[in-house]
Amino acid sequence: MPADDEALFKKGMPIRREVLGAEYVDSSMAKADDFMMSFQRATTAWAWGWAWGDKTLPRKTRSLLNLAMLTALGKIPEVKLHVKGALNNGITVEEIKATLLHATAYCGIPAGLDAFKAAHEVLLAEGAIQPKAAAEEKPKKKTKK
Amino acid sequence: MPADDEALFKKGMPIRREVLGAEYVDSSMAKADDFMMSFQRATTAWAWGWAWGDKTLPRKTRSLLNLAMLTALGKIPEVKLHVKGALNNGITVEEIKATLLHATAYCGIPAGLDAFKAAHEVLLAEGAIQPKAAAEEKPKKKTKK
Amino acid sequence: MPADDEALFKKGMPIRREVLGAEYVDSSMAKADDFMMSFQRATTAWAWGWAWGDKTLPRKTRSLLNLAMLTALGKIPEVKLHVKGALNNGITVEEIKATLLHATAYCGIPAGLDAFKAAHEVLLAEGAIQPKAAAEEKPKKKTKK
Amino acid sequence: MPADDEALFKKGMPIRREVLGAEYVDSSMAKADDFMMSFQRATTAWAWGWAWGDKTLPRKTRSLLNLAMLTALGKIPEVKLHVKGALNNGITVEEIKATLLHATAYCGIPAGLDAFKAAHEVLLAEGAIQPKAAAEEKPKKKTKK
Amino acid sequence: MPADDEALFKKGMPIRREVLGAEYVDSSMAKADDFMMSFQRATTAWAWGWAWGDKTLPRKTRSLLNLAMLTALGKIPEVKLHVKGALNNGITVEEIKATLLHATAYCGIPAGLDAFKAAHEVLLAEGAIQPKAAAEEKPKKKTKK
Amino acid sequence: MPADDEALFKKGMPIRREVLGAEYVDSSMAKADDFMMSFQRATTAWAWGWAWGDKTLPRKTRSLLNLAMLTALGKIPEVKLHVKGALNNGITVEEIKATLLHATAYCGIPAGLDAFKAAHEVLLAEGAIQPKAAAEEKPKKKTKK
């Protein structure tokens, strides 16, 4: 007999794999024991099947919503995950920056700082921005922005 | 001598008037005494001049970011204000609903309830949805959605 | 074709009616238009079918968990709803008081105050405690507790 | 036999009466039934006896701490109470305004808005600021601040 | 002369030692310098003497309340501490899981994720669940739950 | 052409350097790439130029406000930064302790614990308090406080 949330779980899994990366998601599922699997099912069914599975809003928009909300909620490990997801969904570094600055005005300076540091770490790791030493070589016109 | 935030205040005021409605904003400014004016300047300069004044993200996106963030922050009077702003920015009722359902998955059921009730009140007041008695007359196909 | 969350919705509805009262729930459903119905489905499926529908914890325990969590989240209208639900689930006034005092130590004095005022209002309205004038007549030994 | 927190309760009560006003506190205590009295004891012993009863910080400083923290926590009814307490402790309107603007930078624009509206309402009710119509008559030099 | 909170401190210490483990608590006390001792006294008196010291609710219930509240508050190090306390109080792994899933519905997916990861780490360290490799050997029927 | 927030940025930088230490701030600025510089500008202009730059409240008071607010917001890395800033502003260890105990009553035990541990780490690193082994040698009269 299928679980009560089977339909949403099945709907959510391919979306989750596309947004967060198949390798990352498959590895999370493979290493989940019974205890963690109960949460894996919950997030796949509710966040990915039920919320992301609705087609009213484009995935790009949902990525930006998540960055702003997770900054407001102060959930930093999830900010990191969704910066990676945002890059996978085609969001630019400038759009991520603009979203986090927008969130800073509404959530306050300390919430913005946490989110900026987390996003920066992921953007460097993913090669979306270059370490400063490398960037240094081209003239920096935008730092006074 | 202009105040330190004069440039951002001037940049923010026309944006604020366009999004929230000129009449509402002008009335807020007109009735603000010295005490409230200090906050009026802050929100106009910081939220509207600095955050909304950046052109990287379209206003529609910023409206949806605000609905999601304000749900996360539990700031219900501001949810109401930005539902009205969202309508002014051309957001549809379906997009507002999808944003609040998305936020419910991330912020939890009680946060979603507060935001839904607030949005519903504004959507009715603005005529964006009809009172149920009136809606009743056409067959309801979507309630099982 | 049934909605993706149909099984959980059907599982949750009778539990929700038993805990919050059939009359209250039926009236919420009856007056919900398309916009609010999307949230009604979410809360029925997710909170009531998925969370409350699991039999590992007794309903009494879930009522107390909700009072403590909703105090932590500062969701006062939901505190009121779940004080009523707690009474329906057979929780005593003393147990509600002990739960809110426990939550006060963990969430702070202002969070405790909000929850106490909300619970007090519902307990009076439901006749679970008597207005002070009436209580006055019997000697009060416990106020120094 | 005295309650376990009797010493702190006795220490807190005169401080609470001095800061919030004897009339307000005595009325809260007089109308408290058994249920609310358990919270009245908690706040008197813990917030007033234990926290405020420590002499390391002056009461003025504690009033400002409370305004900032309660803005961060979003506890608006308590903001109102402590604006009144701040006036009783000799805090000026300018100091209250500066504290709330400071809190706005750290807690975000919506948190600041809630606190400003709450404080404004109390300052008017207490006669610490004048309704704008009356203030209008003297030339306003400070609104551009 | 005893401190004002001496009675609550003395009442709380044995309860704290029983729930969190005597070794852990004695070590925390022994290594606390003057600065940390002021907080050690506060948590022992208020959380353990005042809240846990009240006998209206069984300790098992208080353990579950704490897991739910600490998830809502996002206090992850304290979630870890109270997962260990819950095991000491006789709570089963299934009850911990059910409590965290319940909290996920009310506090949102990211809050649930943080709590699940924290609880999982402690349950493994305490030997309450087995590493997946070991669990693998017996047929897993419950992962579809 | 200067940026819109240039005046506040210039006003904020010397205050930020004085409070947090010139070396720390200069190093943060020097290593900031384009992405992080957008936040560096925001915090310098808004937190330091706009909030701290206002002279109505003394810096000592603003340091204490920050410790209390950051405890309420649960922003632990920022608590650390502002404990260091508080020492630079002439705040004593006893005043920091009293502020965090005050915040514990209003924000709850787990919020207090996080702040105490963070502050303790910085006070030791800055030499404002001694490791317990060293302190042990002088008789400890104050632990029963």
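By written order: A, B, C, D, E and F. Residues from 1 in each chain.
Just so we're on the same page, a residue touches a chain if its C-beta (ideal position, glycine included) is under 8 Å from a C-beta of that chain, and two chains touch if they have at least 3 such contacts.
Keep in mind that this is a model prediction, so the values were computed, not measured.
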item: Chain E and chain D - chains in contact with each; value: A, B, C, F
item: Most remote chain, CA-based centroid, reference being chain E; value: B
item: Chain B-chain C separation of Cα centroids, rounded to whole Å; value: 30
item: Chain B-chain E separation of Cα centroids, rounded to whole Å; value: 40
item: Touching two or more other chains - residues of chain C; value: 42, 46-47, 50, 70, 73-74, 97, 101, 104-111
item: Category of the chain touch graph - line, ring, star, complete, other; value: complete
item: Interface residues, chain A side, partner chain D - complex; value: 105-111
item: Chain C-touching residues of chain E, taken from the complex the two chains share; value: 46-47, 50-52, 54, 56-57, 61-62, 64-66, 68-73, 94-95, 97-99, 101-107
item: Touch list for chain B against partner chain F, complex; value: 4-5, 7-8, 11, 42, 46, 49-50, 53
item: Complex contact set, residues of chain C against chain D; value: 74, 93, 97, 100-101, 104, 108-114, 116-117, 119-120, 123, 129-132, 135, 140, 142-145
item: Interface residues, chain A side, partner chain E - complex; value: 2-3, 31-39, 41-43, 46-47, 70, 73-75, 77-78
